[in-house]
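We call the chains A, B, C and D, going by the order they appear; numbering starts again at 1 in every chain.
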């Protein structure tokens, strides 16, 4: 019998709603989460209203555990600090991040490689004269470096899932150790500062995770209506699909209700 | 003809009033002053009400340019931050000090040597088992290190004016450069962080200053009723008295009025 | 040393900024940026500026598009939801007119904290394993600007050290202090002697202001010191660190100002769309900067109705009347 | 990770502290010290504590006099106007029962800032040329405590480096992070989830709390989170950093608490005078700690009249009725 907690059927939800729900399910109750603008905000807010009511959110402009009355449009938005525990600034929140307070990070990226290295800086040409200059790192590498787990949310396209990204903005499971540049494991590069790394990549087609031994990405679930072949055709490297568990669980009617009517009734990220 | 700005006569003022006045006269208008508890508070407050109305005071517990309605009894006192520009904490004010914001510091000490090295840590015995253990440094060496000028206010006794202090808590004009321990000039020890050093020692008997070349203390003025010989008998090293300019100018009636009736009417430091 | 006679016009304040200066700003991405000053800097045709910022945003894009900037040290430039990259920075990077030195967000905030604290560097462990640390991507080094001739430009981009205290494994990164000539800040309130009060998130304002040698503060309101001093724990910056004080309501438009007004997303999106070419930028600047003589005239051109929609609700601290979303 | 069920009794909170722990505190000299907890620590006979504080004061003297402390790392101990040295610390130093490691005020605040920021050290240039830097006066080193066996004790007292970035001359000092097991804080208000609000000067409270692994907060008042969150910029510490929350009015007595009560100078002077010998300390502790079962009983012994005189005027934030001075 269908009830509020039944899964919605294909066509009853948008992709972005599925992504928000998949993100929300990565959050354990009581965790401290560092989130960026957009989908991460939807995911974290949804988690707080479902399985993780005691999760706290830090936004990098300086707010801690706000309880927004209206969805923020930016981490610098006044809406972030509505009923926050503390509102201060970057030095405070990044200090806490470096101190080890943050359990989980939600981040985005333009390109990713099989080890979870992410690029948000420059694509094509050379670094000094790139074909496409992006925003630069922002807090992406810092948050991903210093949280215990990171979840990336991205668009799935072959040109974005690359054998090697053009610039490593944010570190994955195998990285270059500078100033020498030798490839090492993330654990080696970080030494005592190692706390973990990317645990999931949630895309427009699938959810990926990383092998604990090799640090390589594998396919975990495909979104309803997407095939494994579809995913393989949109990844630019050899992808391990052998561990695919099946379909990404779709949103429930209750989750959709919350997203549409409580969390983003203005359609800021969900659209109309 | 005697008026408010005439000098008071011996017997009409207390020693501590003379010291407060001598201290106040070291302050230029508009300066940022870092002051400790007690006499420095009297001196700075008096200066603000006489020749330096635009001087600002930082107290190390975290208040900037307070305008106390009642004299504070401690730099941690709520009275310090009454009508302050900012009240925050140690990290802020010591950061500003290190950044170079502070023009003048007022500090005390238990022992001093000819180069202005001051001890507030331990006297007699050895460092590990001293005959007299004092409070330790507090902010004395930091403030004295990082301000442009320092004025020390102390009791004059032979045992306190020593050839060499038992422990250098606060650096004078010739210091040991650690970890090696070789004696060098203050300028050498501080390198690019050099900004100046002790400019005056105001004691219960006299005002001393330091030779710009040698960094050695010399007698500048003796307080009314004190002779040069009195001072020499209360200094434990050879003192240059050849540059003594005469008497320390006594308080004016106006200054005494301010100290007794406006600044410390409770007799917190002035007594009754 | 406390300073006097701090009140001045925007025109006078901008004259405190010299060509070639290293400059930083208040705010965060598209929030509380000193736009009134930035427009006047374009009018006065400042040149060869070296921007150093934790992150940049719309204000940086205006200065870069206008050709005022030679170097940008930052972790980010864009317009958030209203323009996904810094199109002017990207164009001038490609053409070689602009150098961009990439650091991470933590690197930059630590650089400013070092500047504010008066030390030459701070240690961090953020962003190990990234190309930000790649020595081949030391842009100022590659262009010969790390030769010590400019005392504000550090001789290295990073240094790597080991921890001698706790036996911790792995590199510690030292990032050099940010030491700008000037910080230009837009804040909600300033006392008539210069005491600064910021409402809401303070971003990296304290560090930016304290790291700079000269500080220009534009406020929504100049208020009596005796009032602002009734609650000194709510104040951010003591008056003696401030050199210039200007009252300019709406002075951060189109960026947002907590408690006063919302981001004007539509205006920023229009800027982003129009200024993706140099011709487009020049036309936009002609219309919105060069053909208007003052910030008040700019506000008049935007119009009361639009501004009033952006005005913040006094409880929420943001506008509840602006249309957001789809 | 946010924690729940934080409300507990003073007795329960003190059970979170283990013998041998490294401990730090809120406050400054004789201001806002967590005395209610300190007295209970004496009652529970905590042993071999390693106190690490920017500065110490009356609370430190109580713990040291009671024989709870093995090591004190600080820049200062005394009672300001009410007792010019830390007589118990001086006595136990001389007898060899206590080790005192001297740092300067800036060194200590930077040590806590490093701990709070999660880095192993910070650089400073304060107190060059002093015996604080004399390697022969490295007390923990001399007593063999820097061998790495206690991961919270750094292997060196200081390190000296050169600046590679700006060509600055002279040594930079690296001071090791403070990494206490527990911070015990007395504050004015805490929300029922643990959000901390401090009124007035914040001393080094934020750094002390953030540097510690466990945080015990005693407040004059526990208030609703929904109220304390109406002004988040006025709050100091987010709830998720706090482990234990206790309401204890007057809990900092005889030290002062901005906006709530004055320092009880007469009480501290009496403590100082009576506890300059161990016999004196033991008698004082018997009377004021061991023979009273709780802090409420201690307050009853002090008496309403005296406490009420200490109570702060709501505008001035300090008592205008207490007799000060001669």
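As a convention for this text, contacts are C-beta pairs under 8 Å (C-beta built on N, C-alpha and C of every residue); 3 or more make two chains touch, one makes a residue touch a chain.
These numbers were taken from a predicted model, which means no experiment stands behind them.
Distance from chain A peaks, on a Cα-centroid basis, for B. Between B-C and A-C, more C-beta contact pairs are found at A-C. In terms of their C-alpha centroids, the spacing between chain C and chain D amounts to 38 Å.
Chain D has its Cα centroid 28 Å from the Cα centroid of chain B. Taken residue by residue, chain C touches two or more other chains at 118-119, 124-125, 163, 166, 168, 200-202, 206, 233, whereas all remaining positions touch fewer. Touching of two or more other chains is recorded for residues 63, 81, 87-88, 98, 146 of chain B.
Arrangement of the chains shown, judged by which pairs touch: an irregular graph that fits none of the line, ring, star or complete shapes. Pairs of chains that satisfy the touch definition comprise A-C, A-D, B-C, B-D, C-D. Residues 118-125, 148, 151, 154-156, 159, 163-168, 172, 174, 176-177, 179, 199-202, 233-234 of chain C are the ones that touch chain D when the two sit in their complex. Interface residues of chain B facing chain C in the complex, by the touch rule stated above, are 30-32, 54-56, 63-67, 81, 83-88, 92, 95-96, 98-101, 103, 146.
Those residues of chain C that touch chain A in the shared complex are 27-31, 54-55, 74-78, 80-81, 84-86, 89-90, 93-94, 96, 100, 102-107, 109, 113, 124-137, 139, 142, 158, 160, 163, 166, 168-171, 200-207, 256, 258-259, 263, 265, 312, 316-318, 320, 324-326. The touching residues of chain D, when paired with chain A in their complex, are 1-4, 116-119, 191, 193, 195, 206, 210, 225-226, 229-230, 232-233, 235-241. Remark: chain A residues 37-38, 60-63, 69-70, 73-82, 87-91, 94, 97-98, 121, 125, 127-130, 132-142, 145-146, 167-171, 175-179, 181, 184, 186, 188-194, 264, 266-272 touch chain C in the complex.
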